[in-house]
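Questions regarding the structure given below will be posed in turn.
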Amino acid sequence: MAITSPSPAMVAVEAFQLLFVLLFAPLLYGWIGIVRAFLSNRTPAGLLQPWRNLLRLFRKETVLPEGHSILFILVPPVFFSVIAGASLLVPFLLVSPPLAPVADAVTLVGLFSLARMTMALGAMDVGTPFGDMGARREMMVAFLTEPATLMILFTVSLWSGSTSVPSIIRSLTDGHDPFHPSLLIAALAFILVFLGENARLPIDNPATHLELTMIHEAMLLEYSGPLLALMEWGSMQKLLLYLLIGIDFFAPSGMPEDPTLLSVLAGSGILAGKLLLLGSGIALIESLFAKLRIFRVPEFTALAYLLSTLGFLLHFVLEV
Amino acid sequence: MIPPLTTPLLESLWILAAWATTGLAGSWLVLRIPALSRFLYGLLALESLFMAHSGFRGLAERSDTRLVLAGGIPGLPFHFRQDPLSSFFLLLLGAASVGTLIYTGGFMKNEPPRTNALFFLRTALFLSSMGGVFLADDAYIFMLSWELMALVSFFMILTERKREDVRRAGYLYLLMAHGGSLLILFAFALLASHGSLSGPHSLEDFSFFSMSKTLLSPPLALLVFLLAVLGFGAKAGILPLHVWLPLAHPAAPAPASALLSGIMLKTAVYGLLRILFGLEGLPQLHASFGIGLLLAGGVMALFGILYALLQSNPKSLLAYSSIENIGIILLGIGLSILYLKTGHPAAGAVALSGALYHAMNHAFFKSLLFLGAGTMVHATGETDLNRMGGLLHKMPLSGLFVLVGVFSISGLPPTNGFVSEWLLLQATLQAPSLSGTILRSAVLFGAALLVLSSALAAMGFLKFFGIGYLGQPRSEGARDAHECSLPERIGMGWLTLGTLFLGFFPAFVLSGIRGAVFSLSGADLPSFSHEFGWTWLLPFPPHGPSTSPIFLAGLLLLLALPVFWLARLPGRGRRRSAPAWGCGYPGPTERSQASAESFAQPIRHFFPVFFSMKRHIPTPDDPDPVFSLAVEDPHWPLLYRPLFRLFSLVAESAEKVRTGRISVYLVYSFATLLFLLSVLRWR
Amino acid sequence: MALVFLILSPLAGALVLAFFGHKKVAPVLNILFSLLTFALSILLAGEVYRSGPRLALDEQIFADGLSSLFLVITGGVAATTSFFSFRYMAIESAHGHLSPERYRLYLALYQVFVLTMIVVLASNNLGLLWVSLEGATLATVLLVGWSRTPSAIKASWKYFILCGVGIAQALFGTILLYFASEKTLGPGGTALLWTHLAMVKSQLEPTVVGLAFVFFVVGYGTKVGLVPLHNWLPDAHAEGPTPISAVLSGLLLNVALYAILRVKVLADGALHSAMPSRLLIGFGLVSILLASISMWKRQDIKRLFAYSSIEHMGISTLAFGIGGPLATFAGLLHMTAHSLVKSAIFFVVGHIVQTSGSQKILSIREVAARTPGLSRALLAGGFAITGLPPFALFASEFLIVSEAAKRAPYTVPFLLLALFVTFGIVLFRILEMNGGGPPLETPVPPTPPLTFFPVWIHLGIALVLGLFFPTLLTSVYQNALLSLGAVHGG
Amino acid sequence: MAPHTHILLNRLVGFLGSALLLSSFAMLSMRRMSSLVRIFALQGLLLTLGTLSVAIVAGEPHLLFSALFTFIFKVLVLPIILFRLLERLRIRGEVEVLLNVPTTMVVGLFVVVFSFALASPISELASTVSRGLIGVGLAALLLSFLMMITRKKAITQVLGFLGMENALFFSAINATYGMPMVVELGVAFDVLVGTFVFGIFFFQIRETFESFDLKHMDNTQTE
């Protein structure tokens, strides 16, 4: 398995995949907002609102905080491209996209940590209390969600014995008994990880700027204009990618194996359906739970870590 | 007239001699003409380069040559051997030390000539003795080099011997090192005394060749394993023998720390591999040894990084992080034993290559980071991260180098730390192929600890870089910081390049490791055979997927270029500056920045069992309210102090023998005589 | 002929110095006589090396591989010590501690002491050996009490009584041995001659020889300083003038152990059992352990190193107890290296005590800053004595541990523990003395050149022996092993 | 020599041996200093007689010299020196003991039994007239040892030491008809020098401590 010389079809598939993520990520954000508004009896701002925000930001001037270094300016583009790069590696249109050989789950997790680390460095660059606090809290969440993610990956990759996402998908759809207790637990853990990694509600409130409780927003506090837009857009993509990875692992059925136009279109339709469903699910969770105290956050993430390890263990005890 | 360097072994031996002579002659020269020192360090670096070449050549040719030189004790001349394993570590030694040596030339230039000359001598002898360890092929020359290495490094730590804490650290270090050596000696003795298959015991039994023919009973095999692990562990900082490490590194000058942590710790890894795989031999190991090592390594990794997170001295932080990294390496070795002994050679080979790869990585990025810490301390005159800050403005280039190190040690793609972590994780993923829940759970546990500690490492090094280099200066020293000298930058640059190289061209590195792994375990690594194979990591499971750091890097670069443009485009490039948001306070001061301790706070809360804390929270009516927190390594109150008390107790009771009264002494003699006579008569 | 002259040289020295010891040239004469003795010992060793064991004076004295080895060590260390003593005593008299009369006695006794040791090593007659070993005690008793302070007198009294009583046991052993050998060799002169005894050793009555051996070990063992017979040793080392501590530690202990070795050959031959070996292993182990632990509480630097001597003698004893060519070789090498290194340490310690005016470790501070040369030498000596490479003690300990692992594995953990403890304590004390004091008030006068000459000579030899053991020396040790009936390399 | 004389002399030697043992016991129990020296002289006399008889029984001429030497040295010279020392140093009165006399005697008894038991296999091997006396010699040796342990004064220790020497000499004579001449001379020389050294010591001790109590000679401070 390796990358052979690129054919136009492959380039097209990858380009489409990138484009899909770029365009769809803000829409998904909008969708979650709509469902949340609906659940709390508010008037939604519309599906395109995140896009409008982004475009507005891109048009604004950049205000740089005093005492910043070059790192501060470099971080948003790097962050953005790392996430975008990850979106090329996650299979969602096809089981085995052209870049499948690099679609290694460990690499994916690595890329997400890279993105996080970059963002945290940017936050600490100026040395404001909020930036430092955000970076610190982000790492506090991540030091357990990242291993939990890896453990989840390991659990799902136990059937294929490999961390290549296409092989995982294949091994999970390949006539196996689809219901495994370990997978269930892993899925549960994944939900917790998802909420933690993407600054969703019991962990962080994406909508608040209440200084003492925020994590993600605290890191972006000094950014403005296009730089902020890149950060926000990247984060939206990250959320989408996490959902896509979740789909790959836990609900991969319906993903086309062969790259014909028809199957891709059908697959995209199924995928869009799944995403809308999941987005509603997130909104539901966010509406049901209140934000955790910051000191309780490690308990939450530890739960994710323990669940994921438990899933791994269960596989050995019950399923082999 | 130099004999032709027909084998890498000869080349290596010549370089050992060259290092030593350069050291002796050079220190004399430095004493007289201090200005020469940076050239002389350059000369040493050149020799290191040759050593790297020799190691490279040995790996490329897969040469395995032996040589016997006159010397040693009668009947046991000096045996030398360079096999792929030695070559690998020689390459590590040579390549990583080049950067440190060049750096040292700049670092030491303002020291008094005497200190400079002594340090030069010690550095050279240190390199030479480490090379001796890697090349030794009998127990005597091994122990000789090993102890010499300990001794020389002891003096390197003692460079600032006027400081009490330095002397204590040096003492503790040498004590631990010597204790370890004694255990190693015991292991060798057991191996040698069971070595001769036929014929009487002779000194030839102490050659590694003869030792590798040993047949040990299972309990003895276990004993040798334990002795080797503890003996080499004392040097590598295995729990609970690690206590010297976090004391020695802050005490030693930065280049010494870099050599100590970057390279010397690897001699312990080498020794462990040599004894376990080379001398005791795979057939005599047991899978449970692997489990033990795996779990020990995992716990060590977690412990190391947790304590690293707590440190506010950058060098202590790095020292604890070394414990973590050695833990990861041991984990890999344990994993490989486990797999190899249960009939999974491919997985075992991958685990072993992961361990070796990590050893190489650690040599580069840890040296780099220690040198970076050295520049931080030099530039600011401070040893506390809380009094640094904003150094990236003053020291952009060295800051950039350190940043590369930070990314690498955090195991982020596409750096080298990620590569070794990938290999180890892939190896742990082969757990399902093992039979038995215990084995699998052990591997699982190891994997869980591995991923947890690498996630924590990212946090720790974010703290290291974020507090030290980012933000605003927190002290006068940090405000007046300056970029380091040219040799220092070159040295760090070399290490940075090496780090990047190791990350981008794993296939190349692995082709070298392949020989070492094969010579150790008899198992081969899977590989790609197609034309782009060199851009990839090895495929694992065989014919399975892989990853390609350089491809990833290229991809990211390809994407980042348009994004940069995007970042500038719509705002018409309009930019202005404004004060940062300080929560409504007029001017945020440097004191409002996060402190180094704040990073550790959630960790302390989350892992209370690991820490023994003394916290003082002032009461409301306290006239002088100062919050204080002291965290102590629990090994001190739980292990070392009781042990010392026990020793004192024994020593006290031994004093009772010494009554000072002649009559009592005569009674001793009398009783001894009567006792022996009666034993003899009525036995 | 060198054999006879070898004995005559210190005898002449003793006589000459007894008469002219108060003259200004006397210290130089002392050096010259010591050098002469050394040269003769080398000459003798050469003869033995070329043409086998030498006998003289009606077979009463002889030299074989073993004794010529020890003779050379004794001659050599005695010679370098006389150099050291020259400097040391010059400072003592400059401080007014030494009248010419007392100096004369000192020098004469020094030569007598050397003489007795040489006679011990060169005597073929085990009775004569006893006589001269007792003579060595007598010669040194007064030297130990040299300073005439209460503690010195106590120490020398203790030394005298304990060693006297101890060595009386050895005489009983000699009587028993004579009793046993008389039956095979017949009464008269030859029955105590080692050369004859060695030939008939397997025919000796085992019960008697066994008893005799116990008496020998307890008797000569007292002199070696084996625990629990060692109690005279620390005091004697601490109170005597340092040159005497150096030769006591470096030579006298060796000589006493040499006596045990000679007897052990006979006991081994007669008994056909492991008893002698076990006895030595037991004594060795107990000595090593107690000595190493006892070092922790020592406040007196010379006492500290005295305990280290007990430990090293224990290690050598253990090695001989383990037996076999390798361990025996290691034991001999250990004794050689210990002689060199320990006497070197005492040289250094002597100067340190003189410059700091106290033997108490607590009062010796900032050696590194005050006298860097001494500090370096002390550190080197400390590393050498604790068995760090590349000094020869490392080589011998390496071999002993290895052989112990093979032949007496249960001893190894104790041995290693003791080595570790000793290392920890010695290094701790040395580092303690190197620093930790108030800043310098008065500068110490610079040490005159050549002060360290004996120290570095000793350490240098110990270093070379650890790295490149010359072929010539290999055969010398081989010969020594031959005398002990342990053939090397087999 | 007629067999009955032989037996008679043999008995004599045995008698002398028991007398020696008895004298050792006496020394162990004696309290007065001057009596101790007297007993020491008596021991010397016994030794001389013993040597003489063995010399006659075995027909070893060199033992005659030994006997003469013993007489001069141990009966005359040493006691005289010791008496003069006692006088010069004004030592008198009771001997102080660490262990009370009855206990010492019991221990001494055990020691004698032990020595006999130990020596029994050896005695069977002896070809000399005085077989069986090795045990006596050993017992005397150990009793002197015991005396050195239990006595407090320096001078009594010296007496114990000399008693030891006597015991050794006795053993040598009885087990083997004496050691070779060279050795005997050497031993005698050592004893002589030893006594001389003792003498020096006494003056030094007197000078420094003004007492002979051994407790001054103990080094009880912890160092």
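Note that the chains take the letters A, B, C and D in the order they are written out, and that residue 1 is the start of every chain.
By definition in this document, contacts are C-beta pairs under 8 Å (C-beta built on N, C-alpha and C of every residue); 3 or more make two chains touch, one makes a residue touch a chain.
It should be emphasised that the depicted structure is a prediction, and the values quoted were computed from it without experimental measurement.
Looking at chain A and chain B, no chain is in contact with each of them. For the pair chain B and chain D, the distance between mean C-alpha positions equals 70 Å.
One inter-chain figure worth recording: chain A and chain D are separated by 101 Å, centre to centre, where each centre is the mean of the chain's CA atoms. Computed from the mean C-alpha positions, the centre of chain B lies at a distance of 43 Å from the centre of chain C. Distance between chain centres (mean CA atoms), chain A to chain C: 78 Å. In chain A, no residue touches two or more other chains. Within chain B, the positions touching two or more other chains are listed as 655, 658, 662, 666, 669, 673, 677, 681. Of all residues in chain C, those that touch two or more other chains are 157-158, 161, 165, 211, 297.
All chain pairs in contact, by the document's touch criterion: A-B, B-C, B-D, C-D. Contact residues on chain D toward chain B in their complex (touch as defined above): 98, 114, 117-118, 121, 142, 145-146, 148-150, 152, 157, 214-215, 217-222. Listed in rising order, the residues of chain B touching chain A in the complex are 389-390, 392-393, 396, 403, 407, 410-413, 418, 421-422, 425-426, 428-433, 437, 440-441, 444, 447-448, 451-452, 454-456, 458-459, 462, 465-467, 470-472, 528, 530, 532-533, 536, 539-541, 543-548, 551-552, 555-556, 559-560, 563-564, 566-572, 574-583, 588, 590, 592-594, 598-599, 602-603, 605-606.
The part of chain B that touches chain C in the complex is made up of residues 70-75, 139-140, 143-144, 147-148, 151, 161-162, 164, 167, 170-171, 174-175, 178-179, 182-183, 185-186, 188-190, 192-193, 200-203, 206, 647-648, 650-652, 654-655, 657-658, 662, 665-666, 668-669, 672-673, 676-677, 680-681. Here chain A touches chain B in the complex through residues 1-3, 58-67, 69-71, 73, 76-78, 80-82, 84-85, 88, 100-104, 106-107, 110-111, 113-114, 116-117, 120-121, 124-133, 135-136, 139-140, 142-144, 146-147, 150-151, 154, 157-158, 161-164, 166-167, 211, 221-222, 225-227, 230, 295, 298, 302, 305, 309, 312-313, 315-317, 320, going by the rule given at the top. On chain B, the positions that touch chain D within their shared complex are 655, 658-663, 666-667, 669-670, 673-674, 677-678, 681.
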